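After this come two complexes, each holding chain A, first together with chain B and then together with chain C.
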Partner chain A sequence: MTEHLSEHDVRDIAEYVRIGLTDDEVEQMTVDLNAIIDSLRPITEYELDGVEPTFHPIGTLSNVMRDDMVVPGFSQEVALENASKTQDGSFLIPSILGEGGDR
Partner chain B sequence: MTDQVFGCMSACQIREGLATRQFSAREIADESLKRIRALDGATHAFLETTEEMAFEQAARIDAAIASDLLDEMGSLAGLPAAFKDNMNLIGTHTTCSSRMLANYVSPYTATCVSRMLAAGAIPLGKLNMDEFAFGSSTETSAFGPTHNPWNLSCVPGGSSGGSAAAVAAGLVSVSLGSDTGGSIRQPGSFCGLVAVKPTYGVVSRYGVVAFGSSLDQVGPFTRSVEDAAYSLNALAGRDPLDCTSQHITTDFTANLSEGVRGMRIGVVPAFMEAKGLTAEVKAKVEEAADHLRQLGAELVEVDLPNAQAAMSAYYVLGPCEAFSNLARFDSIRYGYCDPGHKDMNSQYDASREIGFGSEARRRIMLGSYLLSAGVYDTYYYPAQQVRTLITQDYARAYEQVDCILAPVAPRTAFEFGAISDPTEMYLSDMFTISINIAGNGGMSMPVGLGAETGLPVGVQLIAPQFKDENMLRVAAALESVYGPAPVATAFLPESDLSAPANIPDARDAVPGVVLGEEGECRA
Partner chain C sequence: MSAVRSLEEVLVDWEAVIGLEIHAELTTLETKMFCNCKLEFGADPNTHTCPVCLGLPGALPVPNRAAIESIVLAGLATNCDIEKRSMFYRKNYMYPDMPKNFQTTQGPVAFCMRGHLDLDVDGPAAKERYQLDKLAVGEERENIIRTDSGYKAHVGITRIHMEEDAGKMVHLGGGEGRIAGATHSLVDYNRAGTPLIELVTEPDLRTPEEARLFMQKLRQIYLAIGISDCSMEEGSLRCDGNVSLRRRGAKEFGTKTELKNMNSFKNLHDGLAYEICRQAEVLEEGGQIYQETRHWDPTQKRTIVMRVKETADDYRLFPEPDLAPYDLSDEFIESVRAKLPELPEQKALRFAQDFALSAYDARHLVEHRETAAFFEKCMQLAGADAATLSKPIANLIINDVTAYLNANEGVVLADTQFTPARAIELVRLLADDTISSKQAKEVFSAVMEEGLDPAAIVEARGMKQVSDTGAIEAVVDGVLAANPDKVEQYKGGKTGLIGFFVGQCMKEMKGQGNPKVINELLAKKLS
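And now, the complex of A and B:
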């Protein structure tokens, strides 16, 4: 099996997608991802010169704009209902600046 | 009082009974909830029941009957129904069978659900699934797997496994599932049901938690083709809240009795010779083809030369779209938030580590890799080019035929734990995936039990885009031979199965949810 990704790469991806992984999980994830990427090889072997991509299954769609009118939406209260922490009608998050900010 | 088992009845039987006052909608709600509580311990199809909403809807129907207004209640009036747990229904948990959303309570209702309710269906609860619909067996649910009503040691298929099991066990008459690569059709085949993935754009996706936005489509599980058609009539059409939904005016019940005489039905030789297709499934597809020929259809061989690339295209496109869609779970606005973190990044990392199961993590990481600079041109862009080739294959095939007949899944339901390698599990969808890639409608139609395993087998009927009525017409012809889908033997009304369930009620469940063995929730 080709090694597409090293454990170092997997750690970088995990940091980028913000999923913490233990050392054991990094090892298993590296094995799994390499196996899956290997199975995708057919896609790299197709003769595709001049073939246009299809990004969407319905070719005839065009963008839709609705009229610029005020319509009812979630109240502030409802929008906050599923938040784990709120304060003064806002989402509360850990500090992102200064002490305790970026690592 | 009545001893009828409403979840085993069809829309017509329910309406007839309501119209002639053999029973009330309240009795339907009451008896159906009792049956779910008595039997769902065996299948674990339900994650939550919706008592209050069921009785409210029943009261509306009974009031309409009292005023002789039943006809205004819609074609699904009184029909016991339930919904996959990735569909928002206001006031219920919508967990996607993930720890990430274990405590999420929907502040609104998905269009597909509200349309079923507007047509008179009685909402009984929310149904188990593979986590975020990533899987083909419902084994990745954070709340424990669902069991196949035909053999409780087998999986029901997935990802809409709870939706299939609930109908196969006669707990409800109709359920909704969603299908990104086969997640309606494969469990439909494993549980022996009529299971329809309409053409992309027929049903609004608004309020359904997104997996692959260019692939996802909602559809019904039923035991008869007519009930599937009634459900599609309720579901289909333009929704201003989903710009990919289309104006649909088709009456899906209109041509069910026309038969297949004069229809041209395609068979794909490469599918029938595919490695991994079991003899019993192959035999059933050939038998269905023979029946259709005897009923007057012309069987025509068609070629889909690029279909074998669909698997790898899907496992590029699906994870890329999932990676993008699952970025929204940030632990701030909703979803699991790991407590006690002093900086944002460690809160993100811990919340998403604990919130997502292993398959979700794999797909997010795979999607991120495939979309990264340098890699994009190797996999993602070619996958979209392959999508063009597959779509052209189908367009060419439909110049010759009105519908295609194929296997749904390579085999019947397998035992729990039988497939542990992710790449092997992905092969469950080898015959269904190209349809999502091209956007066509496809459905599973039950054709009896396999000769070797004695488990249900479905055949797949595939329609041209926005000609979903073609496959329903062929399905109705097959139903005239095989009969409507039966309720699984152990769950027939005369059976003495007893398996009490401990399902939280939507109202009582707030804010906690009991998790399965694996799901030690730290919320």
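And now, the complex of A and C:
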């Protein structure tokens, strides 16, 4: 089996997606991910000359839109149901340093 | 660090290169971008959410047609090309205000590309432009053209793309909701998924005034097309600025900083002005500008570092597989174009032409939709006199009405006692010399306070201006007879004494004499 990803790569990916892995798990995950990438190898062997690239996975569907009409969603109680901590109708979370994307 | 030199001094040696990123929430819509949750500012926390905007597994987004219409409308109003084919992308990042862990936004192709706005910069605002006085009227340099009263600047718009807003966080335990020192945060997802359009300008702006005027003009346009309430205070209109400096004559751009928290027109101007001076000082001392995000603190009057960008953020942008791409039809685009109202710039041109106003007056009348509508209503009521009453009405609106509205925050013209009918009545009293312009100001205030018609106020206060030539002549004769020495001096060349004579006549008449008639009679009798 080819090593497409090193253990170091796997640690980086885990960090990106905020998944905590033990050393044993990193080792196992590296094996698994490399196996998955290997299983995709046949794709690289197809004859693709003259085939248009697919620019979107949805295919021929386009311009899907809905009307601007309110449909009631969750009540506050339901919205907060899965939260481990709440306060004054809000999700209560530990302080996070830094900031989000640049909106 | 304190900026020592003034902006104008700094701009002699350095050229500032400024680009803006302006976010507007589409607050006039009923629902969010990708779900049917209600858009409402100030609702109880987490009362407008659903599986889509909370990012629950398996939830499928569906775009709001009215939001797509709004962004196309914004593009048409800012001279953009409307791209028929575009799509949504996922911009991945982990932060608690974005429950999906990605923001849905657009990729390299946005709905609106390659637009522009032309700015009229005049008065004190034009002073920040380097060596403007070296240009003759009509002469061009780079992206500006010199005009009678200042210059016109052509500002390119790179793109306007569609995206969604994040939720709101309140930080606890630190000072005043700030993140520094906070131990916990409260998250409210009512705002998550609010339709947001982001406009990015080309780095075509050269002065803080140009940036402020661009923002003002864009706001007027967005208000005119009705896509947002554009409240900078409540954050439905937000502006970030990118600033870098280069030596006059240099071609290459310097390192830029990104400036945030400029939530008023004044803050936008002052934040940029400060940052330009700060960068100049650092560079002149041989220092280096770091690519960083800085926060404008209006109370301390300085910018502070929020974060240093060591590497480009890795947002792993990829096409959103849950949303179909767009291939907008001509019919769709034309149906949006049909909704395009008269824009402020067009309205100003029409006012200037139809009512013989100066470009300056016309531009100030259209600055606010309600004053423009008020003026228009007045002109309808003026009928055949529209051409003669347009200038005094414009003055009344630009000076007195605007000052009143500025002094009474939150008051809208429609809620006051001042109606177009009363405005016309007031300027007619002025035009036929019933009252003086000084008295007109008093009547204006009285209309606002007492809610009576101008004629009734003039009557009740007995403030009618005396224009009867016979009555005034008697007073003039009396004043001249009482001051023979001054009359001699006047005739001997001290013509400045005319003010003394007018003053004496006015005093005799308790301020109610028509100054025009008094002046005419004095001139006749003293010649």
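The criterion applied here is as follows: the second predicted complex is superposed on the first by the 89 of 103 C-alpha atoms of A that agree within 3 Å, B and C clash if a C-alpha of one lies under 4 Å from a C-alpha of the other, contacts with A are read in each partner's own complex, and residues count from 1 in each chain.
The rule is short, and it goes like this: a contact is a pair of C-beta atoms (placed from the backbone, for glycine too) under 8 Å apart; a residue touches a chain by one contact, two chains touch by 3 or more.
Not measured: the values here are computed from a predicted model.
In the superposition on chain A, contact is made by A:76 with chain C only, not with chain B.
Once the two complexes are overlaid on the shared chain, A:66 sits against chain B and chain C alike.
The wider contact with chain A, measured as residues touched, comes from B rather than the other of chain B and chain C. In the superposition on chain A, A:24 makes contact with neither chain B nor chain C. By the touch criterion stated above, A:41 is placed in contact with chain B alone, chain C being left untouched.
Of the two partner chains placed by superposition, chain B and chain C are both touched by A:93. Touching of chain A by both chain B and chain C, each in its own complex, is seen for residues 16, 18, 55-58, 61, 63-64, 66, 74, 79, 91, 93-96, 100-103. Those residues of chain C whose C-beta lies close enough to touch chain A in the complex are 23, 29-31, 35-38, 44-51, 53-54, 62-68, 87, 91, 93-98, 103, 163, 165-166, 170-171, 173-174, 179, 182-189, 196, 198, 240, 258, 293, 306-307, 313-316, 319, 321, 323-329, 332.
Within the complex, the chain A residues that touch chain B are 5, 9-10, 13-21, 29, 32-33, 35-37, 39-44, 46, 48, 51-58, 61, 63-64, 66, 74, 78-79, 81-85, 91, 93-96, 100-103.
Of all residues in chain A, only 16, 18, 55-58, 61-76, 79-80, 87-103 touch chain C in the complex they form. Per the touch definition, chain B reaches chain A in the complex via residues 103-105, 107-108, 200-201, 214-215, 240, 243-244, 246, 308-309, 311-313, 315-316, 323, 327, 331-337, 339, 341-350, 352-353, 356, 361-362, 364-366, 368-369, 378-379, 381-389, 391, 421-423, 426, 436-439, 465.
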